[in-house]
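Structures for review follow.
Both of the next two complexes hold chain A, though its partner changes from chain B to chain C.
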Partner chain A sequence: MSTASFKFDKADRSLMERLFEPPAVGKISPAASLVAHFLLIVWSLFVLFPIYWVIITSFKNAVTVNLGPFYIPFLDFQPDLDAWRTQFNTEPNCNFLGIARQFGLFFYNTFAVIISPLAEIQPMDPQICKIYHAFTNSIVVSIFSTAFCIAIGSMAAYALARIQYKPKFGNIMMFVGLTVLVIFATSYAGVPWWASSAVALALFFFLVRAFGKHFKRSLGNGDILFWIISQRILPPIVVVIPIYIMFQAVGLLDTHLALIIVYAVANLPIVVWLMHDFFANLPIELEESAQLDGATRLGIFWEIVLPLTRPGLAATTLLTLILNWNEYLFAVFLAYAKVQTMPIMVAAKNAGEKGIFWWEMSAIIVIMIIPVILMAILLTRFISRGVLLGAVKG
Partner chain B sequence: MIGQPGIPPAGSSRSESWGEWFDRHSRTFFIAPAVTLILIFAVFPTFYSIVFALSRVRFTGDGLSFRFVGLQNFYKQFIGTEQVHFLGKIEAMDAFGLVFFIAVTAAVFWWLYRSLKTTTWIGMAGRAISAAMAIFLAWVIGATLLSGNPIGTLLTTLFYVIIGCALQFVIGLGLAFLCSQPVRAKNFFRVVFFIPLMITPLGVGFAMRMVADSSKGPLLPLFNLFGIGSWIWSADAWSARFVMMICDSWQWIPFIFICMLAALENVPRDHVEAAQVDGASSVQIFREITWPQIVPVAVTVLLIRMIEAFKIVDLPNIMTGGGPGTSTESMTLHSYYIWRANDFGSSAAIAYLLLILTVVICASFFNYVVLGQLRKARG
Partner chain C sequence: MAAGSPKIPVRFDKIQKYFGTVKVLEEFDLDIAPGEFLVLLGASGSGKTTALRILSGLETATAGRVLIGDRDVTNVLPKYRDISMVFQSYALYPHKTVAENIGFPLKVRKVAKAEMNSAIREAAAQVQLEDLLDRYPRELSGGQRQRVALARAIIRRPSVFLMDEPLSNLDAKLRGYMRAELKHMQQTLGTTTIFVTHDQIEAMTLAHRVAILERGVLQQLATPAETYNDPANLFVAQFIGSPPMNTVRGSLEGRHFRTNGARIEAPVGGRVDKAILGVRPEDCSVVAPARGTLKGVIYTSELIGDHTLVTVDNGHDKLIVKAPKDFNGNQGDAIGVALRREHLYVFDATTGKRIR
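This part shows the complex of A and B:
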């Protein structure tokens, strides 16, 4: 105990002094604590109320919604399951088994799309069992896109953390020049896109072979990393129209594959940014000794590096999964009918002409946000351990 | 076929196995997929978008046809028929707007003159771009907002970004500060405060639309209490914008909160406690000890938030559909609506203007604020 607390005995001080004086270093005074708790609770109510309102509205019906606000089930109004029954109707194929079947057929369909865009099978009628259909699409797209994105993103991040790259500035400029040429040739001169890109690609490799060694200035790993991360600045609306045209040209519009690829690219900057930080902070000695023992680079990456960054990997995966689940803008352009995801279905219902059935919409929203809330709670466990902070520190 | 004993199979003596070949080229294979995908789906479309913005695009029988029209699509947004939609109604400038415009211009030129001695030619070029953007925005603000004319999607987007980010930063930092104090049930608050960030923005838009509903929403008793029961927020341009911004803040304050909380908890405890022993007030402690240590994280977080804020589209789309009129439309939503009206050229032009706006503002913020703070932090 320090001398300060001996000097001022508790009884000597007035109530006000005791209220505003911290009892010890590292603690806060009772009054401050009261104010802090009050503010925190007020904010929690502000945060939780909209969620609560959506949940109780999903248990209302046309009457209880339209007769004015009712707040507490059983006291204010009698909850019923109308909205939920409408969603989970009993049409053939519209059940949880249907989701599993849809999931399996996704592989078949993807395979069929690669062979021929015409040979597709559509087991679940999107018009009848909308919500199952959209839910399945959301699951398929977000899981596969996340896996794809994490795989290529963490490999790139690892390479940028451990291998020195020196791309020549001149080569990059040549690539940009050829890209512009391809674009102008296809859009104004009427050259087919596959022909112009093939010629340009061949020309690019030829030019790199021929002139590459004469270029002096080169970029480093930091520049590549900055370039990848800076792609996040790009507003999606800029690229989505050309991407729409590109997928139309190859016949992949309105397929799972299109969404999976585009979502993966959209989240790649985040994955590379976060994973690069984890990899760069690993001690390099382990990898060096493994290399001396004759391990291959892929072996080191798979058996040593990835297990060491497991918490970071899990947190990044969760974050990507959530972002994919929530994505709206790309989906609204690229998935208008057959592979509608949950957000698209909600938006489409919202724009209906008959007016909004608040209770039905609430049920859909609840179905849509329950997985995200669970994942978010899981994610906070990682964040409170400081897993994702490193990258922000710059 | 059975290989003869003692003699290695024909293939492996000349060339290595597949695994060795892969390992030798692992440099390329590790980074190639990511770079290729970004080149195809981010860089290529960005360039391709220019063609759209410079053309009149039509669907024909066998695909698209482009007709080069120069800068007409951009011209339309600034001076032509779409000016009211994009920039706002521009008439004669008020005295107030004129004063604002002249003040900003003078400040910018003074800043340019001062940095003339300190930076290189490249730095000067960058500053000239930032300055041009600042003067242009000052002119638009002076001619529309400060002269009492309706504003367009450009200023609406900036309103969401600048006012919204400022509000979110202040509240998020305040909450993080409260949560970093020794209070009870810290972890519960942490989880609760984090949730909104992860909820689907579309769901947020819908939930907010229900909560803020002015005929049968839950806040009706509150509205009646203040005597504004018959008031409809979605009918007035500015109240609709403010509601939109508050709903956006509901979702994004957690982001600032979670990052700043982590930064606050990284501040060494002994510095704070030493100051407490010396009798410093908590305001002094925050200003003199905590704040300087969290500034680098704060500006980085603000930059990330700004980048994301420019992309706002889901909330206005679901809550008001851009209405009343076009007053809550962000630039992304503006571009999307034009695309739906089959005017691909103008849509791409607006998207490109958004890209320029985002890049110039974020790069300026990064160069003049974030880099400066990071340099200061490293000493």
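This part shows the complex of A and C:
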């Protein structure tokens, strides 16, 4: 190659070359930098404007909203606290005592539900203003459902990452067939559900023992994982009515427990899917070494695996928390009165013929955003840290 | 410390291992004496690590038995086998300090705190880590991490040590140092040790006995000196020694080995059409072309320091000759190679077996 094609001096290069070539390895060219910054600014405006708009709208009132749009407080319009006062001042029990009582009520009512097959305890009724009520409901439901979901989901994901399962296809089919038989026996032949289930279960174990070894085809961990994530492919609206009926049958409608169970189950696939990847990427020698050192499987999970997947765990927790916090569809069906959550409060401000109370809605939205931001700040501390540094190799 | 250490024999009894349809170990029999330092030597894919993992319990054998002491541990969980293992990657817990790493085997056994601390101190002292107990693995150098892994293995005084290429991630100088440390430690503790490596120098320097594996089959089990001076087959002959044994293709006719026009007096007799003559570089010498057993030209010569390695091309094979350090020859010069008759080996080229 001739040396003429090398342009060592800046002066040898044309303007276009200088614009479109990166000045150094690991940097981007001036033209690309310009485009990137432009796009980022547009994107930031797109993302930040709604938040700005919600915040200023919460300081407007009926008049300033309806005469609007006004963009800049104090210049365009005079902000006031009308929307906020409506939330906190016009109703009784809007104080911290109300919140404390509400948390007590949560545990008392959950206990009442759990013990209901044995003893009848009258559940307490909430005595608290609407906004605090919805806020405490949201907190309780999202924290507990997230905790259940993460605990169960991460253990399932770890098992799928480290243990080879080989369920026989024939056995699964037998289970499905027996389930269908139970449904028929219960609904058409009038057999009590507990009797038919018990017989079916016994029959299932018998059939698996007898014929299980003759089945050839079996599924692997990948199939199980896909089956789990496929639960999430189904739109929730499809299953919401069956779920409503199920909770009606067991008398759990409009309780915290119903929401916690549904949210935990609904987000389980996401947790399993995400955590599986984090677990699978851990160097297996660490666990093997701990195994040889005498640790139990649960001990290894708790003491070695979980600390090392903390960034992934924090990210998954945050995601699940946000999903639960924002959930609307199931809440509308399952929590219509006593356990209303924040998203329902927001939607309720669309007051039919009186129009939408934008200013009050905005105030509630601002209240709803704050805990999420706090959680995010708290959890990002764990997310970006090289915990695996020094685990393997020199 | 040396005193009460248990000396436990280990036995592989007709171990077979398949991964799907791939055969990794075939009828693998190996008896390891109490207190022995045994090295499993082989290229990658030879099944040596699989054998070690079967002994550790992290892998299950398709058939056969594993015995530690007089107990059959074939179906026993790893944690009940009373063994400890040093991994190639060290497998230190990155979120624990050096002290916590070393003490982990005792912690899971719920050993009392005071006892554990003194054990940690003692184990750390053995590998000169006392000053680093509060550090995290990421703050240590490769050699220090290696020593943490060793300390974690010795703290429990297991019946058997397993080491899976523990030195291969260290740089050359440190490797030599750690090799000596390891040998000294094993000698002091007297614990039965099984050490897997692909590095024949490690095998030669460390082992009481070397087991050489190739494609899942045990090729030779002998002391390092025996594997070097009396290789069982061509594979062992070429695997052991650096630079490897020279091979000359030809045929064995009576008491003579014939190759490329040359006739070499062989140490054995017989008639093999396709034979291979093996000779180690240090048993060859460069001489004037007329006086050499084999004649050729210099292909290249490399000064190592205390000697020069001369590669000679005789038109048929290339031979490496260990020549004096002041050897002077240019590429292409005609040269002769003299072979010492008592240090020649003859192998059957088709089976690789030694002809004795």
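Note that in this section the second predicted complex is superposed on the first by the 288 of 394 C-alpha atoms of A that agree within 3 Å, B and C clash if a C-alpha of one lies under 4 Å from a C-alpha of the other, contacts with A are read in each partner's own complex, and residues count from 1 in each chain.
Everything that follows uses one rule, which is that a residue touches a chain if its C-beta (ideal position, glycine included) is under 8 Å from a C-beta of that chain, and two chains touch if they have at least 3 such contacts.
Given the structure is predicted, the values throughout are model-derived calculations rather than measurements.
> Which holds for A:S289: it touches chain B only (first), chain C only (second), both, or neither?
Once the two structures are laid over each other on A, A:S289 reaches chain C alone.
> For A:L75, is the partner it touches chain B (first), chain C (second), both, or none of the two (neither)?
Once the two structures are laid over each other on A, A:L75 reaches no partner at all.
> Under the stated touch criterion, name the partner, chain B or chain C, that contacts more residues in chain A.
B
> Please work out whether A:L308 is in contact with chain B alone, chain C alone, both, or neither, and reply first, second, both or neither.
In the superposed model, A:L308 contacts chain C only, not chain B.
> Please indicate which partner A:A210 is in contact with in the superposed arrangement: first for chain B, second for chain C, both, or neither.
Neither partner.
> Going by the contact rule set out at the top, does A:I183 touch chain B (first), chain C (second), both, or neither?
first
> Based on the A-chain superposition described above, do chain B and chain C contact any of the same residues on chain A, and if so which?
Common to the two interfaces on chain A: residues 296, 389, 392-394.
> Where on chain A does chain B make contact in their complex?
22, 25-28, 32-33, 36-37, 39-40, 43-44, 46-51, 53-54, 57, 65-69, 71, 152-153, 155-156, 158-160, 163, 165, 176, 179-180, 183-184, 187-188, 224, 228, 231-243, 245-246, 248-249, 261-262, 264-265, 268, 272, 296-298, 301, 322, 325-326, 328-329, 332, 342-343, 346-347, 350-351, 358, 361-362, 365, 368-369, 372-373, 375-377, 379-380, 383-384, 386, 389, 392-394
> If you look only at chain B, which of its residues touch chain A in the complex?
Residue positions touching the partner: 19, 22-23, 26-27, 29-31, 33-35, 37-38, 41-52, 55, 63-64, 66, 68, 174-175, 178-179, 181-184, 187, 189-204, 206-208, 210-211, 216-218, 220-221, 250, 258-259, 262-263, 265-266, 269, 273, 276-277, 282, 296-297, 300-301, 304, 307, 310-311, 313-314, 317-318, 321, 331-332, 335-336, 339, 344, 347-348, 351-352, 354-355, 358-359, 362, 370, 374.
> What residues on chain A touch chain C, complex-wise?
Within the complex, chain A touches chain C at residues 283, 285-286, 288-296, 299, 304, 307-308, 387-394.
> In the complex of these two chains, what residues of chain C are touching chain A?
Touch list, chain C to chain A: 56-58, 78-79, 81, 83-85, 87, 89-95, 104-105, 108-109, 136-143, 145-146, 152, 156, 169-170.
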